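Down below is the structure, laid out as structure tokens.
Chain lettering (A, B, C and D) follows the sequence in which the chains are written, and residue indices restart at 1 in each chain.
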Amino acid sequence: MVEVMYFAWVRERIGEPREQVDTNAATVADLVEELRAREERYAVAFSDLSALRVALDQELADFDAPLAGVREVAFFPPMTGG
Amino acid sequence: MVEVMYFAWVRERIGEPREQVDTNAATVADLVEELRAREERYAVAFSDLSALRVALDQELADFDAPLAGVREVAFFPPMTGG
Amino acid sequence: MDVRVQGDAFDVGAELSAFGQGDANVGAVVSFTGIVRDVAGGLDRMEIEHYPGMTEKAIATMVDKASARWGLADSLVIHRYGVMRPGDQIMMVATAARHRVAAFEAAEFLMDYLKSRAPFWKKEFGADGSSWVDAKDEDEDALSRWD
Amino acid sequence: MDVRVQGDAFDVGAELSAFGQGDANVGAVVSFTGIVRDVAGGLDRMEIEHYPGMTEKAIATMVDKASARWGLADSLVIHRYGVMRPGDQIMMVATAARHRVAAFEAAEFLMDYLKSRAPFWKKEFGADGSSWVDAKDEDEDALSRWD
């Protein structure tokens, strides 16, 4: 079970800021595949991975990073701070 | 007749901050030659021109610049502002 | 090091008056302030979303790197989230070092990293509706000079 | 543009609170403050001599160049002369522009030029006597990047 969080337009497309996801996905990419298969809104939010970033337990990571031991996964567009 | 000004260690070596100089020197370098010939303290102050800078009427200039029409000549070491 | 992520406005003048004081090794203080700009003349407000927890950690990591690389005597980052209007101050960075080059470079490094690596997202609201601000290629490119 | 050459101390915080405000085109403000540093631990005071008249003109020329090159919305230079002690603020520069790169570059340009082209001379007084501060090759070299 992981906590999945969404920010900015990813949050808007999914329709909620966070949810508990029961998954055995080995990597972030595998988790994305599972989410995409769920409902249209997920397919839309995850349609272009190059427009997305991911953080695992609040650290930036790659989509091929393993999920073992991870408690919090966050998806969001490229940051626009400053 | 030009007003000649000295700053920082040039001023200290010459012993005064400014003086009126009656000269027909064509260039700054010619004026420096005249001053050097005056007294030891001028010879010391102007011993190394590479350690000096010159301004003509408050604009940085070269030692071969003409003095025609110039009212104020200033000699000083490289600046250390900021 | 002082890192603050907050909704409230801050006072640049008051922050800088107190910054880097009383350290005989500080010869240079650089500050940057980011302000909401009304680019096209129709901006009503900007809303900044952030990732509580990760934001503070990400900024602290950037500041640690800058402090080590440029030997900073002191550093400050304040970044706001929430609703801001044109003219409002969004964020500030300040760095204190022995020499000007270190203070300038550290502040630019922090700005480049905050732009593209701190988890903030800006949304603009105007007469024509709202839209998320896109990340700029030039901001991503700016990071490469610190490699 | 605001250029001040003065003997009195100034208040960086108060100056910056008022700087670059109320202009919808200002997205970035950068400031630099130079402080007397007690390098070897024996500095009693620093005395800064300047060339009244030329100083103001030279700085105004630098600020004009920076404003044109980086499209500055506002700029401020304050530089003191006279006696200063460790920890005292010597001078400050502030620049306001649309974007951060312009504001940073303009401030660095002004600092590089003030260091080597504004007619100020520093003399340090300590337990071992006094000496004029030598110009540094690296400061002269820093100018070449703006050619």
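Keep this in mind: contacts are C-beta pairs under 8 Å (C-beta built on N, C-alpha and C of every residue); 3 or more make two chains touch, one makes a residue touch a chain.
These numbers were taken from a predicted model, which means no experiment stands behind them.
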Taking each chain's C-alpha mean as its centre, the one farthest from subunit C: B
Centre-of-Cα separation between subunit C and subunit A, whole angstrom: 26
Inter-centroid spacing, subunit D versus subunit C (mean Cα positions, whole Å): 23
Between subunit B and subunit C, centroid-to-centroid distance (C-alpha), Å: 48
Interface hub residues of subunit B, defined as touching at least two other chains: 82
Residues of subunit C engaged with two or more neighbouring chains: 34, 100, 111
Listing of all chain pairs that touch each other, if any do: A-C, B-D, C-D
In the complex with subunit A, residue positions of subunit C that touch it: 34, 49, 51, 53-54, 57-58, 79, 90-91, 111, 114-123, 132-135, 140
Subunit D-touching residues of subunit B, taken from the complex the two chains share: 5, 7-9, 11, 55, 58-60, 74, 76-82
Interface residues, subunit C side, partner subunit D - complex: 11-17, 20-22, 24-38, 41, 86-87, 98, 100-101, 103-104, 107-108, 111, 142
